[in-house]
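Step one of this worksheet: look at the structure below.
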Amino acid sequence: MQHLAILPILIPLFTGAMLLLPPFRDILNRQRSLALVSVALQVIFAAMLLVTAASEGTQMYVLGDWQPPFGIVLVADRLSSMLVLLTTLLCAGALLYSCAGHDKSGQYFHSLFMFQVMGINGAFLTGDIFNLFVFFEVLLIASYALLVHGGGKQKTQAAVHYVILNLIGSSLFLFGLGILYGTLGTLNIADMAIQVRMLDESEAILAKAGGLLLLLVFGLKAALLPLHFWLPRTYASASAPVATLFAIMTKVGIYSIFRVHTVVFGEEANLLANIALPWLWPMAMGTLAIGTLGVFASPTLRVMTANLVIISAGTLLIAAALQTEHATSAALYYLVHSTLVTGALFLIADLISRQRGKAEDRFVKSRAMAQPRLLGFAFVIAALAIIGLPPLSGFVGKVLIMRAAESTAEIIWIWPLILISSLMVLVAISRAGTTLFWRVTSTSSSEEQVHPLEIAGITLLLAASPLLVIFGGPVTEFTADAAHQLHDLTQSVNALLPNSTALSGGNH
Amino acid sequence: MNDLIWIPLLPLLGTLVPLFASRFSRSACAFLTAGFPALALVLVLQLAPQVFDGETVRQSFGWIPQLGLELAFRLDGLALLFTLLILGIGLLVVLYARYYLSENDSMGKFYAYLILFMFAMLGVVMSDNLIQLWMFWELTSISSFLLISFWGHKTEARKGARIALTITGAGGLALLAGVLLIGNVVGSYSLHDVLASGDLIREHTVYPVILILVLLGAFTKSAQFPFHFWPPHAMAAPTPVSAYLHSATMVKAGIFLMARMYPVLSGTELWFLIVSMTGLATLLLGAYVALFKHDLKGLLAYSTVSHLGLITLLLGMGTDMAAVAALFHIINHATFKASLFMAAGIIDHESGSRDMRQLNGLWKYMPYTATLAMVAAAAMAGVPLLNGFLSKEMFFAETLHQDSLGSLSWMVPVFATLGTVFSVAYSLRFIHDVFFNGEPVNLPKTPHEPPRYMRVPVEILVALCLLVGIMPTYMIGDLLYAASAATLQGQVPEYSLSIWHGFNFPLLMSVVALAGGAVVYINRKELFQFQAQFPENDPKLVFEAVIQLIHRQISRVMELAENGSLQRYSYMMLSLAMVMMAEPLLDLNATAGHRPQIPVDAISITGAVLLAIGALATVIWNRQRMVALVALSVVGLIVSLMFAKFSAPDLALTQLAVEVVTVILLMLALFFLPQTTPKESSPKRVARDLGIAAIIGGVIGTISYALMTRPLDSISTFFLENSKTGGGGTNVVNVILVDFRGFDTLGEITVLGIAALGIFKLIARMRLYMPASDGDGRPWSQDSHPLMLSVVSQSLLPLALLVSAYIFLRGHNMPGGGFIAGLITSVAIIQQYIAHGVDWIKARMKLDYQLMIGSGITIAALTGLGSWAFGRPFLTSWFDHFHLPLVGEFELASAMLFDLGVFLTVVGATMLILANLGKLTTSERPVLKEHD
Amino acid sequence: MLTWAVIIVAILICIALFLNLWRLVQGPSLQDRILALDTMYINSIALIILYGIHMGTGLYFEAALLIAMLGFVSTSALCKYLLRGDLIE
Amino acid sequence: MATWLEGLIALVLIIGGVFLLIGSIGLVRLPDLYTRLHGPTKATTLGMAGLLLASSVVSSITQGSISVHEWLITLFLLITAPVSANMIAKTAMHHDLTPWKRTKGQELVDPASRQAPPSDHHSVKDGKLP
Amino acid sequence: MFTVKESRFLPMPFHSLLLFVVWLLLNNTMAFGHILLALFFGWSIPKLVSILKHGHPTIKRPWLTVRYFFMVMKDIITANIEVALMVLGPLKKLQPGFAAIPLDITSDLGVTLLASTISLTPGTVSAEISEDRKWLYVHALHLDNADELIAQVKQRYEIPLKEILGC
Amino acid sequence: MEGLYAFCVGLLTACGIFLALRGRTFPVVVGLTLLSYGVNLFLFASGRLKLNSAAVLGQSAQHSDPLPQALVLTAIVIGFAMTAFVVILAMRARADLGNDHVDGRLPEAPKPRLARRSGGQ
């Protein structure tokens, strides 16, 4: 499959466009079928891509047949193909769930959903910094539209904050891009990595400002302190399947930090080596801390889940800041786990909220749920996983990250922070769970039953957690290889720029 | 290969059994549930002889090497001891629970949790890998949480469970850190390697940290002071759970851990100090408090705490003999405490109360149960011929032998005796206050003997107490030896399990304890009065209050930090941006580079002044919104002139078109918004915002200047060289857009299309207030479509479309292209809307904008896909020159088709937005009364 | 000669633009500002045409054409707003 | 390019520029909005025509073929300028902008702003046919 | 001569002609290929926009149209010079004023054309048209005598326009 | 010239940011528009300024850097889409929330005391 690497972008793009066209446009059932078929294809192709990337090496897709660094390339290495697969899986779960009727509460749901997936996949796959910007915008605008899906004051309000902050963020992104192009003269990320080594001192200073601006923008997407403010309200007010899909959006930010600040401004960047590091540490620790406090102070399950997303961002960033292969490998494992589980938790929160009447998902006394066992089971699974308690995937990720910090000086900060955070999350979630499920006034009067598709969606996402533990060996082996690939700069640059020798010296 | 893994695995499979079996009768359910653990027990017994021979049975499978986690099990003496307790007592509890649980309780769920817990405990004691041990350790916390909160509708149960989970969870996390540190020091998590690395660890600088972390795990689990308060609250659980958790399993896990790590961590001053002092404190405190509990289970719970303290104290002493004594007491405590809990459960079950102030004289009602309970209580008190006596003797002996406290060493045996005095006293109270002491008071039920088989577990356990007490060597000699060998990982000291060691100090201490206990109990009234002076501070309330306090404080902090103010969030982001950009610039010595600069001319100055005044006017007049829009238009105009001036005609065109459409959009929105902005920013905030805006502006300007004055080598030469030959167009910018970087453009039109869809969603069901008059209170003009405007706009439409076609067709070679053409078309149509209104247009023109967007994106994407047919990557362009007679030479390029997609999307998106916005209102206006 | 003429005219137009700006800032009514903006559009067209003459290129013709078109749209939209509030009704 | 032609073009250019400037001077100098409207709507059309004529000739010469597309801009302006002026005047009357005190026929502003016939108002003295 | 009925093939013949010319103007060419394109657009665009057509103008006297056009051109030049002088001259002499011109011409296009012409030519700007299309309010930069102005407008512009449009 | 240009970029950015920090949606949107002008000019200038050298082959002796121009074009379009969305969102917010403050509530309004704290369990 010569075109495998671009399929994760093209399939949702065509699906999204087709959903607007006649045989599908006004008939919801057809839209659902098309979307589900499409997402199934996406999963299959993403899996194939992953296997190909792992077995045959990095897949490079040269768009328009214009060789890098001139044209745009897609780079499907282990890391990006893994994230693409993760995205499609998350999408599949959310989509199944939405087909239970959540897609009815506004127009264009499936189309927007596809476009958002396209944007996310594109951001993961592209090897071009401006193309990354474009895909960021695709995923953002789709997320804006999806956020208001279903309507309501809270969504509107959250959207105002979310959109405006991101618009400022996009402006900063472009400033950063301008600076980097103005100093490096190229847009291909691998080529940037080469050019950055040849900057003279004053150019390097300028490029540094650009690189740091990008860090800020990625940090905004990743919801890092002090750029995380938009997240709790946004995620908590989005409709459930949308929030689930959003769970991967912060990861796009983290991924971009890995891609840009490890490859371009990494160890070998000469004057600009590791420029992000002094900023990453406080941001990472602060994010983890503020997320933990947020979880503790959350009044509703959805807000709590949103804060859990922040915690996962902080944890991931800690791993990013460690800048070792081990840490990256650990981060990748943790990333997969936390994305799927927080995604599932948003869905579970929605079901709980529906069955609790007026109390919704607030932590107050309420009437009993109609299906407490089913929901309780799902909740416990998700909770254990996200707290990081064995035997589910959370503990593996967390322990891997702690181990990665083992021989560093930062251990005295990282370990206590992670452990105390875990404890506080444990306390908060146990309080939440006991209140939601047991602090009830009466037996349920609710007729609201969970739809089989909703169960299917949640199951798909939650099943990943035990599977990640059971197959922890191969999975961590894969993440280790992916991390190795990411950190091995010469390899990645060679893969991207086979003719890079012709470019050496920077005289294009 | 052996079947070691099946020992924990069988109970794991067994957790599913009750879930299915619960549909059968209760007995069947219990029977089936017991099956798998029983099978496991058989396996254990099968392997026991090997273990008694000093062999360590091990089995391991690779799992997650990155984590250091493998699936590794071991069965040595220590593990065997615990495995037997866990499975044996577990089975008895299963039987007992069959009768204990009421019809309302979900038996299946209960058994499932119980067996799950059993599995977790087995995992802990059989782990041959520290990470795995920790994994099961945490699993015990979780499954015990489920058990304790089994009656979750009761506040007590929820709180008790949460406290237990919090305390043990915290300890678990500390343990994790400790385990990881050990792994780091040893280089392996395999218990085999770790147990062999005692010296390495003890001499390592992080040893104190490791020790404290591991002990935190152990102490929390085993309810050592100051974590001693959770087991009593876990009493909200059904009694079978208490019997299981607080005799043989949960709390013993901590003890187990200390025993397991004994060869690695013990033998240092620090170990002795921490462990033994904690044990001693716990022993005393538990025993003392137990005396005052009126709740039967409360008494037993504190008694458990006290006994755990005793075992801890023994382990802390660090002598081999003490360790043996500890192991011995583990066995003994498990048996008598399990039976006591079960007896307490029976009493509760049959009388409806656990309050010793109500329970009196039960001897008359349930003599058989009373007998059993009294025997077990006697064992707890350390009465000779019962197992408790033996281990307590050993304990006393060891307290006498230790001398680590120097001249204060005498205090240990004294306090140990004192603790035992209380122990005897509460045991006495248990016997006397419940079974004698007059008549029952207000019991809900008339007590009677329980069902036959509910007593069986108690009978078995009490029998064990007796048998061990009478013939210890025969009963547990091998087991104790094997366990000691495994714990010590070396020579087992000489010890004697005989009942009689002659008249010696330990015996004296026992006698003192028994007598003292009796005295204390007899004088209990005074003691109760003394105790009553102290305000009772329920640790549970304290705990809850602390959690609530933390919660409140954090909520307050979070509300201050995340106060929902966008202005603050934006400010923070921009401040960070400012710092990040400015910080590197501090090192920049010369702002200007060496690239020759363009001289300034009058036109540029005019442009700059216009732009500056326009921008400043926009800011200064921002509260009069319409005026600000006019000023904004000036800025937009000058920006496009700047693009034109600096050789970017395409940009100038685009900027112009976009600017006009934007201003129109802004006006459309402004109609529904207040016409002015109230003055609400404080001067301080204005100054602050001005400051940050000025700095960022300055920094951006500086960077821009620095960039522009430096030469640049860029990849653009390639585009200039290949535009004509490779892309078939002379307008390089357009060729980049539709060919070199067509993928960006595809994304860009997708963005536009999505925006339109999103806006459509926003407009749907929007309820807007339509102002009846303008901002100054004037009624609207009645002339909705001025004549001249309508007529002229109409005749401009074909012209505009022609221009649009012109711009579109020439785009590849000259400034222009699909996007600008699309905007021109859109503007022309908007002009028709403005001139004629939505209804008029709608009645005449049925353009399906959604279709346009969809097909636009599809066409562009399909064009890209076309190259697949030729085996080339997506978006590979194609172009050729043709010659037709008369027409002459012309060019066809796939890029034009792509551009058509762009065109359609732009028109579709822009119009979908504007036309739908238009639908929000009608041309019917409320007429205000005219003054005449 | 032509070069000089172009420079002189450029200066004239610059002065004109400054005068437009003065009116735009001064107002006093919104209509004055709109009128000033409209005049600015026209002067800009002149400036672009002049630039084209100066540089000897026709590349900027479309920009001028577009300003002519869009300036009208902009002015009529602004006026429609003042008259009716709703541009598209 | 012949000198006389160059001179002619230069002259046309300068005339155009002057008219443009006068239009803008009017914008600043004239006393009220209604009078200011005249400057831009008229002076500029002529001014633009001058410039475009010059441009047309110059580019015809430099390109060697006739360049007439400049006239399109003139056409556009001729069509649109009256409408723009009309719209601005309409809004001014709608907003009751007071004309300069020396303006004749001020009483017409009121009926005009209501798009009523002038007779609709009380007595009309000036500016109305008997 | 040019009285054209509404046709399906060429719904707006004048526009078609205009577009044909404008296309060639835009491209500065008479190449055959562009003539073909011009024909195509001259045919297709009116076809596209004909749905939005208000009324259909008919031109009865084409030669008069040409004459009218040149007359207006001449007037524009004079008017411009007059206005320029007034702008630059002393403001004291300025005597602006409003006038209401009664209209005989009725069609939308006619009124619009007249109003446009008035705006472009003598120192007047069309300010408003009464709802009943019977009055055109103008503002004159220098108004000596309203009646004179009205007579001039009617004589010089309205009558020819009426003839041209045949109404 | 570069200095003048940089001044314009800086000023637009500063004005845009100041307005983006206001409390009402409309000024914020206007500010974002101004900011995007600044951004576009900045990005454009990253290819350096050149006079009379449009990147159209055969029209001039030298050519300015076409790449930033293409990027700015993309950025303008995307910016337009975003502005359009945020404008309509501002309307929607006014409709849903009853005011046009970016936080959806007016600053004068008394702050609800510790809104929706989770109750004790």
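Per-chain residue numbering starts at 1, and chain names A, B, C, D, E and F are given in the order in which the chains are listed.
The rule we apply is simple: contacts are C-beta pairs under 8 Å (C-beta built on N, C-alpha and C of every residue); 3 or more make two chains touch, one makes a residue touch a chain.
The chain list, named the UniProt way, goes like this: A = Monovalent cation/H+ antiporter subunit D; B = Monovalent cation/H+ antiporter subunit A; C = K+/H+ antiporter subunit F; D = Na+/H+ antiporter subunit G; E = Na+/H+ antiporter subunit E; F = Na+/H+ antiporter subunit C.
Since this is a predicted model, take the numbers as computed values, not measurements.
Asks: Common contacts of chain B and chain D (Na+/H+ antiporter subunit G)?
Replies: Common contact partners of chain B and chain D (Na+/H+ antiporter subunit G), which must touch each of the two, are C, E.
Asks: Among the chains, which is located farthest from chain D (Na+/H+ antiporter subunit G) on the basis of C-alpha centroids?
Replies: Most remote chain from chain D (Na+/H+ antiporter subunit G), centroid-wise, comes out as B.
Asks: In terms of CA centroid distance, which chain is the most far removed from chain F (Na+/H+ antiporter subunit C)?
Replies: Measuring from the centre of chain F (Na+/H+ antiporter subunit C), the most distant chain centre belongs to E.
Asks: In whole angstrom, how far does the Cα centroid of chain C (K+/H+ antiporter subunit F) sit from the Cα centroid of chain E (Na+/H+ antiporter subunit E)?
Replies: Each chain reduced to its C-alpha mean, chain C (K+/H+ antiporter subunit F) and chain E (Na+/H+ antiporter subunit E) end up 23 Å apart.
Asks: Averaged over CA atoms, how far is the centre of chain A from the centre of chain B? Could you give it in whole Å?
Replies: Taking the mean C-alpha position of each chain, the two centres sit 17 Å apart.
Asks: At what distance in angstrom does the C-alpha mean of chain C (K+/H+ antiporter subunit F) lie from that of chain A?
Replies: 48
Asks: Quick check: how many Å separate the C-alpha centres of chain C (K+/H+ antiporter subunit F) and chain D (Na+/H+ antiporter subunit G)?
Replies: About 13 Å, centre to centre.
Asks: Of all residues in chain A, which are in touch with two or more distinct other chains?
Replies: 130, 134, 137, 141, 144-145, 148, 160-161, 164, 168, 175, 178-179, 181-182, 187, 431, 434, 439
Asks: For chain D (Na+/H+ antiporter subunit G), which residues are shared contacts with two or more other chains?
Replies: Those would be 23, 25, 37, 39, 63, 67, 69, 72, 76, 79-80, 82-83, 86-87, 90, 92, 94-95, 113, 115.
Asks: Which positions in chain F (Na+/H+ antiporter subunit C) touch two or more other chains at once?
Replies: 16, 20, 25, 38, 40, 42, 45-48, 51-52, 54, 56, 59-60, 67, 71, 74, 78-79, 81-83, 85, 89-90, 92, 96, 102-103, 117-118, 121
Asks: Let me make sure I understand the interfaces: which chain pairs count as touching?
Replies: Every pair of chains in contact is listed here: A-B, A-F, B-C, B-D, B-E, B-F, C-D, C-F, D-E.
Asks: So in the complex, which bits of chain C (K+/H+ antiporter subunit F) are touching chain D (Na+/H+ antiporter subunit G)?
Replies: 1-2, 4-6, 8-9, 12-13, 15-17, 19-20, 22-23, 29-32, 34-36, 38-39, 42-43, 45-46, 49-50, 52-53, 56, 58, 61, 64-65, 68-69, 71-72, 75-76, 79-80, 82-83
Asks: Residues of chain F (Na+/H+ antiporter subunit C) touching chain B in their complex?
Replies: Per the stated touch rule, the residues are 1-27, 29-31, 33-34, 37-38, 40-42, 44-60, 63-67, 69-74, 76-85, 87-92, 94-96, 100, 102-103, 107-108, 114, 117-118, 120-121.
Asks: Show which residues of chain C (K+/H+ antiporter subunit F) lie in contact with chain B when the two form their complex.
Replies: 10-11, 14, 17-18, 21, 24-25, 27, 30, 33-34, 37, 40-41, 44, 47-48, 51, 59-60, 62-63, 65-67, 69-70, 72-74, 76-78, 80-89
Asks: Please name which positions on chain A make contact with chain B in the complex.
Replies: Its residues touching chain B are 2-3, 6, 10, 13-14, 16-22, 25, 61-66, 69-72, 106-108, 111-112, 115, 118-119, 122, 130-131, 134-135, 137-138, 141-142, 144-145, 148-149, 151, 160-161, 164-165, 168-169, 172, 175, 178-179, 181-183, 185-188, 191, 202-203, 205-206, 208-209, 212-213, 215-216, 220, 226-227, 229-230, 232-233, 279, 290, 293-294, 296-297, 329-330, 384, 389-391, 395-396, 399-400, 402-403, 406-407, 415, 419, 422-423, 426-427, 430-431, 434, 437-440, 469, 472-473, 476-477, 479-480, 506-508.
Asks: Inside the complex, what are the residues of chain A that reach chain F (Na+/H+ antiporter subunit C)?
Replies: Residues 130, 134, 137, 141, 144-145, 148, 152-153, 156-157, 159-161, 163-164, 167-168, 170-171, 174-175, 177-179, 181-182, 187, 298-300, 362-365, 431, 434-435, 439.
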